[in-house]
Amino acid sequence: MSNRIDVKKTYKLFINGVFPRTESGRTYEVKSAKGSFIANPCLASRKDLKDAVVAARAAHHGWNKATAYNKGQILYRLAEMLEGRRAQFVDEIIAVTGATKAKAEKEVSESVDRLVWYAGWSDKISSLSGALNPVAGPYYNFTIPESMGVVAAIAPETPSLLGLIDVIAPIIVSGNTLVVLASSKAPLSAMSFAEVIATSDVPAGVINILTGMKDEIAPWMASHMDIDGFDITGLATKKHAEIRASGAENLKRIFAFKSHDPARILAFMEAKTVWHPIGL
Amino acid sequence: MSFYGLVDGTDTSLKNYLGSLSGVDQVGADARAAMLATRSIKTTSKRWAIDMAISMVDLTTLEGADTVGKVQALCTKAVRPDPTDLTVPSVGAVCVYNDMVATARKHLDLVGGQHVGVAAVSTAFPSGRASMPVKLRDTRDALDAGASEIDMVIDRGAFLSGHYIDVFNEIVAIKELCGTRAHLKVIFETGELVTYDNVRKASFLAMAAGADFIKTSTGKIAPAATAPVVLVMLEAVRDFYSMTQQRIGVKPAGGIRNTKDAIKQLVLVNETAGPEWLTPSLFRIGASALLNDLLMQRMKMDTGYYASPAYVTID
Amino acid sequence: METPVSFDYASAPESRAIVSIKPKYGHFIAGKFVAGSKHFPTINPATEEVLSHIALAGKAEVDAAVKAARKAYTTTWSKMSGKERGKYLFRIARIMQERAREFAVLETLDNGKPIRESRDVDIPLAAAHFFYHAGWADKLEFAGLGTSTKPHGVAGQIIPWNFPLLMLAWKVAPALATGNTVVLKPAESTSLTALLFAEVCQQAELPAGVVNIVTGDGSTGALIVNHPGIDKIAFTGSTEVGKIIARAVASTPKSVTLELGGKAANIIFDDAAIDEAVEGIVNGIFFNQGHVCCAGSRLILQENVADEVLEKLKVRMAKIRIGDPMDKNTDVGAINSKEQLAKIIELTAAGDAEGAQRWSAPCELPSKGFWFAPTIFTGVTQAHRIAREEIFGPVLSVLTFRTPQEGIDKANNTPFGLSAGVWSEKGSRILWATQQLRAGVVWANTFNKFDPTSPFGGYKESGWGREGGRHGLSAYLKGVGHE
């Protein structure tokens, strides 16, 4: 055993491509499965959410405009970076959840593979869910799915990494930008994933990650008028009604998901139909 | 040289002028014309409209088989379309090939039709494929024979190949020849220009060059005076008026065979260029069979019965 | 020859003889007309003539309708093959075509819209919706990504007064094609064609309870929205009511689609085909008296053509014929109700008060009934109420822009996102603008076109979901993968 003292990491938020502390100055304690101290991640506030939404809104235009090929490559790049740092993620999952090494490795592998799966959807979703509509008149008429704008999400508590990937990937692959609240009990995967994001080619503001308490942040997300969609997969079912009612103020599109499939991408896309005359 | 201050006679100025025109969306123009075709007009207005349409007819015969006898018959009918009802107005003009102009003029005068004009088709009608000296000579012939209206064709080949200045110069030269002796109608043959953009461009080109009327077609090519083509030309004369304060006439020709079609044309005029254009001096209809249908409709309005062709004269 | 003072169009009124309106109507429940308890009058907004009395459904009637719909769903409709279901929809489409003139006349009498529009747009499109969806009934397994082939069950549908029969068709046709049964409530002021549609269901021998129609006002609508026996809500109407519905169903498993308000931008670039653009502006805002959620109510003009376009627009507006909706020559009919007229007057007064310049087409308005002359406001900015709020009447707010991006930014600067128009003869600019506009329907070089094959619906506060096409169909099928 070495006598060397570890250099411990301060876990911060990830907003607009940088790692700020919460403006509230609040933190909470994350303990290991065995009860020992691991970290004091930020307890994000309403204002942190606001800042993240501003960053996400500003990033939307550019990310939405990026080609599908480009977005696919960037998601694939995330997978590459995650693969390269898999040991760190395995260790963190084990430390926080007490999972076996095999189980933790399985989750990281599935997370990498899931990113690759969604990356491949970037340039296929439009052709599969779009349409050329044979209208009764001299018009060219087509329907294409487009990103919705800024989407908020509550990541599930467990699995803390795979659950996060399942929230992030389908939302951003279509061109949305995202503010996601990480697993409260196990935020380490999310904050380390922010480092993966920061070192890949994802433009600043496309993915913003908060840590904190669902019951505090989810209602602010629901009522925020500049959030277009809300993935509440990670929120307890008994809270859904209140969140949906609050989200009605700007008719937010609110969904919770049971599986990973293309419907999850389409849920946060809007179909746009275009008409143009056909003539000389 | 200045043409309404729009063109100075150079190729560049003409291209700039034509290039400043907005395009025409075919589907939109078709839809507008179709919508206007659903208008129905009051009975009292319909009677007026029928008489107005009769007075706007350029009663036309343009056949290789035209003879003196045929032209004389046409002229008699032009003056008194219904010999049994002298309240029927004369038509606007008779329209003939230029070798028949003298015959037509003489016969019109003979039957009391001094007020009915003779229109001669000119400039190597209908194709326009002759050299400029021939076109000038052709026109001079018609004028000398007594034509009061010249219906010239444009060189569609020059137009379609982008030599607008050649088309422009031809119109300018023919207009100069017409002087004060005859009105100039410029025929585009819209069925060969094909697009509404071209129709609009040709309209503005011809008006700037001095046309008194712009005319759709020769009657030899289909499609001819379709409602949307006339709509586009009426929009052009309306816009030209707001630019220059000059009212240019419009003459659809070809394909207008019955009263319903003729009244639809008048609706287009009323709604597009405006009621100021509802006069034979600004709107003519080139037709032959139309006249008898107008007469039959007129009879029906008078008697309440549907008329029979046996009661109207054949040419 | 003497030129008459004007070239008059005939009053060419469509005959009323084709419709027979009963003095009083009940509800259509379980295949039968049942008497209502309370009634309210429905009037012709063009004359204020009382046409009939419409029943106001309360809890008992709504319960009965839901019960009938549930029974029809479990015993008949959900068990029937798609092939057979489809044949009923084809039958309905055909009967609507056969009785098209009757529907058109009744729609115009009850709604105040010009007969030319009810005859040429509303009724043919309504029939087309049934025809289109009929063909889907036995092909649901091909209906696309992320949908199942399972219906929700009983659909509660609440429709507005601006396109009464057409909105009924948009709702009922996809619901039936996918195997749902229906409880539909037409708008309070326009129930008559829905009740005539009930007769069509009878003639088509549609199994009892598959379509139930209850009439009434907002209170009836609330009973439907909150009814525990209903699985799916489809609503077309105001954004305000849409939000109330969204809150009301938040604690329920009900699936919801909402087709709500709009404040569509109609952007004219300087290279547009101006004459057709002017037609598109007129069609965009004066079609159906401007009672259109997707109406092009904000004209966004490039400054270098603004004067020319406005001059031409005024000339064109002076040609609009406003008056008797039954006259085939009428372009703009009556405002649907006294309340709507009051709202239009209130908002236009705000336009005056905020310093915008009003210009109305010179026209004589009938003395009886509810009328508002086609009107434009110039000098409008983003900060005017008339540039932000939906007027839902024949009133156009005119704004200008200097650069393409500025035009798009103004167009998108609204909580709504239903539709937009863009006019340019340059293909790449059209596609660029189309991509930038945050709206569910973009009409490029045209406006206010509709088709059953073409999905319709909004971004943002203009609603949830689409109607029409494959996308609209999926709203009536259970989602897979999400709750």
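Read from first to last, the chains carry the letters A, B and C; within each, the first residue is number 1.
Just so we're on the same page, contacts are C-beta pairs under 8 Å (C-beta built on N, C-alpha and C of every residue); 3 or more make two chains touch, one makes a residue touch a chain.
In this text, all values refer to a predicted model and were calculated from it rather than measured experimentally.
Enquirer: Quick check on this structure: which chain has its C-alpha centroid closest to the centroid of all protein C-alpha atoms?
Expert: C
Enquirer: Determine which two chains are connected by the greatest number of contacting C-beta pairs.
Expert: A-C
Enquirer: Determine, using the mean of C-alpha atoms as each chain's centre, which chain is farthest from subunit B.
Expert: Chain centre farthest from subunit B's centre: A.
Enquirer: Averaged over CA atoms, how far is the centre of subunit A from the centre of subunit B? Could you give it in whole Å?
Expert: That gives a centre separation of 69 Å.
Enquirer: Using mean CA coordinates as chain centres, what's the subunit A-subunit C distance in Å?
Expert: It comes to 37 Å between the two C-alpha centres.
Enquirer: Could you grab the centroid distance between subunit B and subunit C? Build each centroid from C-alpha atoms only and quote it in angstrom.
Expert: 44
Enquirer: Where in subunit A do residues touch two or more other chains at once?
Expert: Correct list: 139, 277.
Enquirer: Find every residue in subunit C that makes contact with two or more other chains and list them.
Expert: 445-446
Enquirer: Do you know which subunit B residues sit against two or more other chains?
Expert: 25, 27-28
Enquirer: Of all residues in subunit B, which touch subunit C in the complex?
Expert: 22-25, 27-29, 31-32, 38-46, 48-49, 51-52, 55, 89, 235, 242, 266-267, 270-271, 275, 278-279
Enquirer: So in the complex, the part of subunit A that touches subunit C is made up of which residues?
Expert: 128-129, 131, 133-137, 139, 141, 143, 148-149, 228, 240-245, 247-251, 253, 255-264, 266-267, 270-277
Enquirer: Considering the complex alone, what residue numbers of subunit B touch subunit A?
Expert: Contact set of subunit B toward subunit A: 25-28, 30, 194-197.
Enquirer: Could you please specify the touching residues of subunit A with respect to subunit B in the complex?
Expert: So the residues of subunit A touching subunit B come out as 138-139, 277-280.
Enquirer: Can you list the residues on subunit C that touch subunit A in the complex?
Expert: Touch residues, subunit C against subunit A: 128, 144-147, 239, 242-243, 246-247, 249-251, 258, 260, 415, 417, 430, 434, 437-446, 449, 451, 453-457, 459-461, 463-464, 466, 469-471, 479-483.
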